[in-house]
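Two complexes, one shared chain (subunit A), two partners (subunit B, subunit C).
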Partner chain A sequence: MANNRQKMYLRMVTSSLVRRASRLIIAVLAVAIGATILSGLVTIYYDIPRQLGREFRSYGANLLLLPKGDARISRADLKTVREVLGDDRVVGMAPYRYQTVKINEQPYIIAGTDLPEAKKNSPFWYVEGEWGSASRPDHVMVGREIANTLNLSIGDSFKVLGVRFGHAAEASAQDLSAQQNRVRDEGEQNFSARLVVCGIVTTGGAEEGFIFADVDMLDELVGDRFRGDVVECSVVAGAEEMEALTAQLESALPGIQPRAVRRLTQSQDIVLGKLQSLVLLVTVVVLIITMISVSTTMMAMVAERRREIALKKALGAENRFVIGELLGEGVLLGVIGSAAGVFLGFEFATRVSLNVFGRAINFPWPVVPVTIVVFVAITVLASVLPVRKVMDIHPAIVLRGE
Partner chain B sequence: MGKILELKDVSKIYGDLHALSHINLTVNEGDWLSIMGPSGSGKTTMLNIIGCMDTPSQGSVILDGVDISRESAAGLTKIRRDKIGLIFQQFHLISYLTALENVMVAQYYHSMPDRDEAMEALEKVGLASRAHHLPTQLSGGEQQRVCIARALINSPRILLGDEPTGNLDEENERIVVDLFHRLHDEGVTLIVVTHDPEVGDVAQRKIVLEYGRLAQDVDQRASFSGVLKL
Partner chain C sequence: MFWRMILRTLVRQKSKMLMIAFTVVLGVSLSTAMMNVMLGVGDKVNRELKVYGANITVRHKEAALMNDLYGLSEGLGVTDKFLYEDDVLKLKSIFWGFNIIDFAPLLDGRATVKGREVPLVGTWVERHAVLNTGEEVHTGLRSLRNWWQQGFVGDWLGEHDDDFVMAGSLAAQRLGLKVGDTLTLAHGGRQKRVTVKGIFTDGGAADEQLLGTLKMVQELMGLPGKVSKIEVSALTTPDNDLARKAAQDPRSLSPDEYETWYCTAYVSAICHQIQEVVRDGVARPVRQVAESEGTILNKTTLLMVLITILSSIGSALAISNLITASVIERSQELGLLKALGAHNWQIALLVLVEVMLTGLAGGVFGYALGIGFAQIVGQTVFGSYIEIAQMVIVIVAVILFFVTLLGSVPAIRYLMNLKPTEVLHGK
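Right, the complex of A and B next:
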């Protein structure tokens, strides 16, 4: 329980701030603005990896899983992959099965995949029409190159022919009539299906030469369970984390070879590093400016209160008492300013995040005590020099008005 | 009554200026002394030296048995806190503290703030009802009475007033002088610097300074009433 001295100290410090609020508003504002920028930047600093990590995921998959040798990737493997990577890190995970088919006697490749996951992996694809889905398995997307070759538009249908799983493809025999070739193509070892174009894919890359279909529909056509040729994953992870994840995957799935797309993960790390350095630099500059601002305000405050300080010394106050009171005011000023600033800072960080990344951010509660402690320390540090002026105040001279 | 204050050949010199020159003065416990003289005669310099806010260039000052002319700054602060009560012409109350808190500030630096004692001191100067008012809500006379309560709160050995009535109207001047009279009756030693001959004349003893020298030392006990005649 505080004794009368401590109560009187608190009363003097709080009264000085409360009853002289208009005089101290500049100092509180300086601290509040500094704390706003600091807490906002720290919030962004810690949220940048998450925000930019997601942003980088729009540049495509950054982890490929390939089967070793003749083996293929199974559904069980996919489940293990997702467990190792973790749901929170995986933006998209699209397994691909490639199947050669014939359209108008010309060979093309159908890429059977989980279309919604492929969409998450490749938000940069320009799709005219709409993405296919498992609910309409006969609706497929065709690459721009195929659409141009076959003169396909949205809503057009086309027939594909292919060899069922376990059977070898046979070339059309020139000695058979067209009728006989058709009968052979529609035999038990082959499959045929009529597909509808729901979307035309333009990427500027190899994807324009593929037909994208629902993987379950493709498995059914070929009469086989899922056998993946590759799995494309979009994972939120930096270079180091990605290395650790690939090691875990190699150990959990010996038949699968994980390959990180280093170009993407390294670029991500470089950009993140530079951005974080920039934020750190700005934070340090803001802290220095705040310190100068508070120091100047405290200097003015000590000058303005010379008579009061002289009176206290005339009443018998030792320098340490007067300095203690002024620093106490500084601490309280730091607490009030930084407490206000920390919440304004979150608002600032949220607006920056919404404008720059288009996403909200999580409120980092540890930033609250850290900001308050940092700004109390800064306020006290900034007050030390001005408050030392107390020692130069001579009561006889000041109280006489000279 | 024993000696409470003794100035022996005290001088204060600023460059070529002799603010005080070879002053010898003895004040007994319970005395009421007025220091008068024209502006620049050294009144305030003398009061500052007696009040431990300044030190003499030459000579010695014995206050309550201690030679304060040889004390360090910290030692002077302690003596000021323990033995001296100060009353100023400009009142010098702390603007953000109430009348009661202004009195308690002196207690805070001296020993331990005591609300009841501070309230008693305000009652003594007739300001109990104004205890929770800020200085800006008090008249000049009321502010000066708070200043007197603050000066008295630690039971100082000597009460020093620097033009205590200089900023007051006649009515408040009378109230303050009456207060001094009561304090003198209670045995408080009073040294009051004043320009006002009427205030100077009500003391037991009056000294007049001219050009830093003691020009007159008048014993007024014969005519002493302690009551202001206006």
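Right, the complex of A and C next:
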């Protein structure tokens, strides 16, 4: 008996849906639109800080590591730093070694660094020509100021002189001849190298007064192992996270003084906060409006079924049974529509992320059940509310057509 | 007769028409709000990005950046090239003067305090001025150093605080200074007693500096009316190919291109115009700020555009969906009309006009509501009003027209195939 009732119930629910195929499509479409917008926007909202946080890294290094006292930073230190910061957080980490050299008897500074990392750190550098690389160590980039002063253009070569590691510079004595001075300059304690300009760096900042070379080449020239004067890191982190990270770094590496670039970390927090609240507010407005319009559509669909319901009542169906049937329909519609919507919403969020940020999006899985539950609730409420009134009305009055 | 029928439907079918109108209101308000926000967001975010400080610096054309690197610039007579303080306010008079949000001149100096050499910088921390155009200008370094706000001790210098200085955190530590302490600045035989008004933390080189008013530092250094550089924060348009070409050499542009470039707020165009008013000045974009601003701005705008498109499509579908639903619902009434001898086109016209009228009414309300939503977003997020773009009316009206039309198409096709007897029989 109970089995028969259940069968009948299922048949009524499904046949009511199948018979009214066109209306069904409309209802499912309404729910699907709503679910697409909900899941798409919520996904974007959750992923925005991560995505935009990375975009803010275009402002360059936001963490500097300085050696304490006379110590220098070693390669092992760099490894530890990377471990502490976490690989996925680090956008770029470029160690710098500064070396004074002479070009045409004038002092200049060569900054030895890991050039690919420096490029990741400072996407705002405008490099005419090409970036240097470790595979062509004698090709270096020069700052715009130096290029102007020395009248260098791409492809030109110039000679640098410098003092080897562990030697002191000897001043040219007045009583020596030019020949003797040259011998001294090219002697044991000095190095000299011919470098080729492969790029000219324009930044509008102090970088324009440097020559940028591969750090290994510079180490070899100077004749010792790597000694970093400063490490520039570009790390995806807000101001608070950054404070925690610097504290961690300080305890892990006692010889190093980490300093967050306050100008970048704090400004980023301000702007990112604004952008996030913008997206939040927009999401809330869009969602409220979408929810309301989905439920009005559903209500309109159900209101037209007054006659059918009245007929069922006239045939002896109890209120409970009628409402049960409507509930079943609502749940079915809600599940089908929102399942399709979640899929479309994810598709949309992925497209947005690829287009705007050029990266895949992280899909927050809890969105799936939440969306489905929300829309099942909406369809059920929208189905049951308008019919409640019908329940109290006498079937005959409705059937007569009033 | 036609209009009477329409009027009757609108009145009798009040609740259904209200429902359509309501959905139209919601959809239109959503699209209106999103489009206005989308169009206004670039400007707003651009202003927010000003917290990163200056994106243009102006220096003397012979004062090369390299002097900074070796710390040779101050006091040794290496750079005795300066800009003139008189020129600073002229910045607001350039073509894009309105886009210049903040600016401050800086004079690098050096003073001996308690036997130590300390870098001393003179600037306008705050400055009010009235230009000869009658425009009031309120500017200064304070708005260019937003990141000093956190951890700031004491008070910022006022416009006429010539007897006060602000100290960087490291300088204060080294000299043992607290807020309220007095100290004597000495340079080249001149002396000045000043009081520490505030202590700031920069996280960079400025932490080692003392900061005074421009007038005080000029007097102490013996450089009246001179400044070393000007920092400018301007609202700019992200660079495109034209701007990059112009940045290389404005003379390489054709007259038409030159005009477009000059009249667009590219950072290179603004720099070019600044150079026209500042004697001996070379204005250069700080690429770290200028370039990154462009990146963030483009991404945010694109994001908003996509969200707007999604929500507009969503509301368009919702409206047309509801229209289809409500027309199909009225099949009985329309079947009766058909049975009474109405032509298909007459019924179609009837339905269309009804829906359009409802849509129009809903659209007007929706537009007003949408403007309201946009302002709520503007006020809550950015604390300022979002400018209303007139073209949104046109866009929304066109979309709404086609949406109602499209929404009615399946319903009308359904009506065409309607057999009056079947409908009236109640199937």
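The working rule: the second predicted complex is superposed on the first by the 376 of 402 C-alpha atoms of A that agree within 3 Å, B and C clash if a C-alpha of one lies under 4 Å from a C-alpha of the other, contacts with A are read in each partner's own complex, and residues count from 1 in each chain.
Just so we're on the same page, a contact is a pair of C-beta atoms (placed from the backbone, for glycine too) under 8 Å apart; a residue touches a chain by one contact, two chains touch by 3 or more.
In this text the structure is predicted, and so the values were computed from the model without any measurement.
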| item | value |
| --- | --- |
| Touching partner for A:R136 - first (subunit B), second (subunit C), both, neither | neither |
| Partner chain in contact with A:I109 - subunit B first, subunit C second, else both or neither | second |
| Contacts of A:E308 with subunit B and subunit C, given as first, second, both or neither | first |
| Most subunit A residues touched (candidates subunit B, subunit C) | C |
| Which superposed partner A:M12 touches (first subunit B, second subunit C, both, neither) | first |
| Touched partner set for A:N4, first subunit B, second subunit C, both or neither | first |
| Subunit B versus subunit C as contact partner of A:E145, first or second or both or neither | second |
| First, second, both or neither for A:A396, with subunit B first and subunit C second | first |
| Which of subunit B and subunit C A:A317 touches, first, second, both or neither | first |
| Intersection of the subunit A residues that touch subunit B with those that touch subunit C | none |
| Residues on subunit B engaged by subunit A in the complex (per definition of touch) | 44, 48, 51, 53-54, 74, 77-78, 80-82, 86, 88, 90, 92, 94-97, 101, 104-110, 112-115, 134, 150 |
| Partner subunit B, residues of subunit A touching it in the complex | 3-5, 7-9, 11-12, 15-16, 18-20, 307-308, 311-318, 321, 394-396, 399-401 |
| Subunit C partner contacts - residues on subunit A that touch it in the complex | 22-23, 26, 29-30, 33-34, 36-37, 40-41, 44, 48, 52, 55-56, 58-60, 107, 109, 122-126, 145-146, 149, 202-206, 208-210, 259-264, 266-267, 270-271, 274-275, 277-279, 281-282, 285-286, 289-290, 292-294, 296-297, 299-301, 303-304, 348, 351-352, 355-357 |
| Of subunit C, residues touching subunit A in the complex | 16, 19, 22-23, 26-27, 29-30, 33-34, 37, 41, 45, 48-49, 51-53, 57, 64-66, 68-70, 146-147, 150, 201-204, 284-292, 295-296, 299-300, 302-304, 306-307, 310-311, 314-315, 317-319, 321-322, 324-326, 328-329, 373, 376-377, 380-382, 410, 414 |
